[in-house]
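One structure follows; several queries about it will come next.
Each chain gets a letter, A, B and C, in the order it is written, and its residues are counted from 1.
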Amino acid sequence: MSGARLDLGGVTKHFRGLRAVHEVSFTVPAGAIHALIGPNGAGKTTIFNMIAGVYAPNGGVVRLDGKAISGLRPDLICDAGVGRTFQLVKPFKGLSVLENVTVGALHRKPRLAEAQESANAILARLGLYDRRHQLAESLTLPDRKRLEVARALATEPKLLLLDEVMAGLRPTEVDVMVGFLRELNQRSGLTILLIEHVMRAVMALAAEVVVVSYGEKIAEGTPQEISRHQAVLDVYLGEQEEL
Amino acid sequence: MTADFLLTLAQAIVNGLLTGMVYGLMALGLSVIFGVMRIVNFAHGEMMVVGMYLAWMGFEYLQVSPMLSLPVIAAIFFAAGYVLQRGLISPFIGRPEHQQFLLLLAVAILLVNASLAIAGPDSRGVQMESQFDSYELGPLVFDAVRLHAALAAIAIALLLWLFFTRTRTGKSIRAAADNNLAALVVGLDVRRLYAVTFGVGAACVGAAGALMITIIPVSPFLAVEYTLLAFVIVIVGGLGSMTGALLGGLLIGVSEAVAGLLLQPSLKSMFSFGLLILVLLLRPQGLLGKGPQ
Amino acid sequence: MSFIRRLAGNAPPRILWSLGVLLALLLLAPALLGKYWLSVLILILYFAYVGQAWNILMGFAGQLSLGHALYAGLGGYIAAGLYFHYGIGPWAGLFAAVAVAGVAGAIVGYLGFRFSLAGVYFALLTIAFAEFTRVAFDHWGWAGGSGGLFLKVEHATDIVNLRGGPVLFYYLILALAAGAFILCRALLRSRLGQYWLAIREDAEAAQAVGVPVLRCKMIAIVISAALTSLAGVWNAFYYNNLFPETAFAMGRSIEITLAPIIGGLGTLFGPIVGAVVLTGLGEAFTDLGDVLRIPGIKQIFYGLALLVIVAYRPAGVWPWLADKLGLKERQP
C-alpha cells in the first residue's frame, strides 16, 4: 500500500436549492493526514459523499493522483483506491464481524480463504479479533466504529476517508485509535482525510486542517494556525468548547 | 356510427367512474394502512370478499339491503381490524417485509377459506328491486345501483377525510404516520393509533364490500383478484396517499371499462397491470404519492 | 475425490455422514416406498428445489420476488410448446426454456433495480409481470390459450422425451434438488455469494467496499429465474398439462416462497426443512379434510399452521432446529 494524492477543485453540491457545498477546493498530498472540520450541517459528509461517488458534484472535479474520479460509481471509486467509513455506521448487521471485513477484502483478493486471512489480520490490529464470530449487530457503538475502519481498510485503499470515527469513544479509546491511525499512516504511507469533532484527535493527527462552514471553505492551515484563526473562532463560538 | 360509438364510449366511462369510486374506497383502506404502518395488507381482497359475503347474508337471511347493513358491517370490520392489529399484526411492524407478507398471507388463507366453508364455492349475488332502475342524463344512463354505490363511497371518503382532518385521533394518526418517533416523544399512544388505523382501513374495505355486492356477485376465488386490483390502484395513485387511492380507483375503473369495450373483456386486467408496470418504472411514488421512502 | 473434498469444505463429519445416509436413502426410496409416499417425497423435493432457487434472490441477495411463477410458467410453456408443436425434446427444449426465463428475469431485474425499486415496490413489480404474462398467455394461440396445453400421457419410460411414470420424475427432481443445494453452497462460499449477503444487509455499504451492486443483483435474478424455469419444465412433463390460470398464478408464486421463508431465509437447509414441514402439514390436513368434509377446512388448518410458525419462529424452523441439534449453519 501507498498513499494517493487527493485534489478537490471547486466542488459544488446543491440539494434542491440548498447549497450544501459551494466551490470547495483543497489538496491532501500523498501520505498526509488532513482533517476536515466545521459545525454541524456545514457540508463535511456531503464532501465525503462526493469523493466516494455517492453523489456526483454539480460542479467542480475530484482527482485522485491526478485522475478525475468525480461522477464515477462508488464501487469504481473504491476500485480506484478510496476507502470510506460512514458517520452513521452501516455494518452488515446479519453477518459476523469477520464476514463484514471479508467482504471488503474480497475486492482485491477474490479467493475467499485469502480474503479471510487478510480480514483476520486487520481485525487483530483493530482489537476486534476476539469478536470475529459475533454478529455485527451485537457490537457496541465504539466497536461498530472500529468495524467501519476495518472494513474500509480491507479494501486496501490509497486514500482513507474517516467520518467521525472517534465520536462516542472514551478518551482512552480515542488515544488508541489515534495511535493506530498514526502507525497505519507511517507504516504504509496511506493518505488519510478525517472529519472529526474531537479536537484532541485532530490536533494529534492532522498536519493540516480544512474548515468549512455553510458549505464554503473558510480557512485552511496547521492545527495551531486554525485554532487562532478569527473566522474559525467566530463560527465555533459557543458551539464547540473543546477548541 | 361514430356518434354511436362515442356514446357507447361515454357510457362505458360513466360506468367505469361509478365502479371506480367503489374501487377507490376499497383501495383507500389499503393505502391508509400502508401510509401509517408501512404494512402491505396482503389480505385486503380477502377482507373485501368477507365484506361482500356479510352484506349478502344480511340480504339473504335478514332481508336487509346492503346499503343499510353497510354501517353495521363497517363497525364489525372496524372492531375486527382493531383486534387483529392489536393481537396479531402489532409485533410485526418494522419487521422484514417477508415476515409481514407471510403473516398476512396466513390471515388471507384463513379468511377466504372460512368464507368458503360457510358460504360454499358458488357465486352469490343480491337481487334488489332497484337493480333495473336507472337515471338518465341526456343520452347517458346511470344505473341506479352503481350510482348509489358511488355516492355512498364518496360520502364515506368524505367522512374519512373529516376524521383525519378534524378529530383529535385522526390528526394524531397523521402525526404518527409522518414521524413515528416524534409521536412517541410527545406521548401519543402509537399502539392504539395503529389499531385504530387498521380498524379504519378494514372498515373502508368492509364498506366497499357491502357496496360492491350490489354491483357484482361474490365468490371466494375473487379474493386474489381484489387484492391485486387494490395493489394496482394504490400504486398508480400513490401508496399512502388518500386522494391518490380515490384517483387510482377512478382511473382503473375507467380503464377497465374502456379496455373491456375496445379490446376483449378478458384483456382488461392486462391493461391494468401494464399501467402498474409503467407507473412503477416511471413514477414509483405513484401519481399523487410522496415517494417510496 | 478432491472435488468431493472441496465440496465438503469445512463441514463437520457428523453432518457429512448424515447427508450421505440421507442421500443413500433417497436414492433407494422408489424401492422402499409405496406410490403415495413417493408422490409426497416428489412434492417435498419439488418445493425444496424451487425454494432453493428463490432463496438465491431473496435469501442471499435480499430482493423479494412474489412473481416467480413467471419463470416456472415460461420454462414449462417453452419446453412443452417446443415438444408439442415441433417434437423438439425437453433436453434440447430446456435450453430455450432457461434462456427465455433468464431473459425475463433480466428484464424484470433491470427495470426494478435500475429504477431502484426496493422491498414491497419490487415485489409488486414482480407480481405485475407475472400477472401480465398470465393474461397474455390466456390469449396466445401457440400456447393453447386459456384452454391449456396438453402433452400426451405415455407410460413407457422414454428418457429422451421425458415420458414415463413417477419414478423417472422422482430421480429427476432429486437430481435437481441435490444439484441446487450443491450449487447454492458453492455460491455462498464464493465472492459473488458474499457480495450478495452484503447487498442484502446494506447495499450502500456494500457498494462503498467495491461491490458492483447492480451487476450482482442481476446475476442473482438471472440464476434464480433460470433454475426456477427448470422446475417449470419438470412440472410440465410430470403433469402433462399447463394452464395460464395455474402456471402463472399468484398462488404458484406464493407457493414457491413458502418453503424457504418457513424453513429459514438465506440458509442452505431452510428450503429443504421448510418443504418437509409444509408438505407434511399439507398432506396431514388433506387427510383431516377428507374426514371432516368441510370445504376449505384443509386450507384453514394450513393457514393456522403458517400463523403459528410465523408468530413463534419468524426466522424460520431450521435455525431453531439446528440450534436444538447442536449444529450451527454458519456461512464459511
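Keep in mind that, in the parts below, a contact is a pair of C-beta atoms (placed from the backbone, for glycine too) under 8 Å apart; a residue touches a chain by one contact, two chains touch by 3 or more.
All values reported here derive from a predicted model rather than from experimental measurement.
> With contacts counted as defined, which of the two, A-C or B-C, has more C-beta pairs across the interface?
Ranking A-C and B-C by C-beta contacts puts B-C first.
> Hey, which chain ends up farthest from chain A, C-alpha centres compared?
B
> Taking the mean of all protein CA atoms as the centre, name the chain whose own CA mean is closest to it.
C
> Chain A to chain B: how many Å between their CA centres?
50
> Measuring from the mean C-alpha position of chain A to the mean C-alpha position of chain C, what distance in angstrom results?
From the centre of chain A to the centre of chain C is 43 Å.
> Between chain B and chain C, what is the gap in Å from one C-alpha centre to the other?
So the centre of chain B lies 33 Å away from the centre of chain C.
> What are the residue numbers in chain A that touch two or more other chains?
None at all.
> List the residues on chain B that touch chain C in their complex, please.
On the chain B side, the touching residues are 40, 88, 91, 95, 97-99, 101-103, 105-110, 112-117, 120-121, 220, 224, 228, 231-232, 235, 239, 264, 266-267, 269-270, 273-274, 276-277, 280-281, 284, 292.
> In their shared complex, at which residues does chain A touch chain C?
The contact residues of chain A facing chain C are 52, 54, 73-75, 78-79, 83-84, 86, 90-96, 99, 102-104, 106-107, 110-112, 115-116, 133, 151-152, 154-155.
> Over in the complex, which chain C residues touch chain A? Could you list them?
189-191, 194-195, 197-198, 200-202, 204-213, 266, 330-332
> Any idea which chain C residues touch chain B in the complex?
58, 64, 66, 111, 115, 117-121, 123-125, 127-129, 131-132, 135-136, 138-139, 146, 250-251, 254, 257-258, 261-262, 265, 294-297, 299-300, 302-304, 306-307, 310-311, 314
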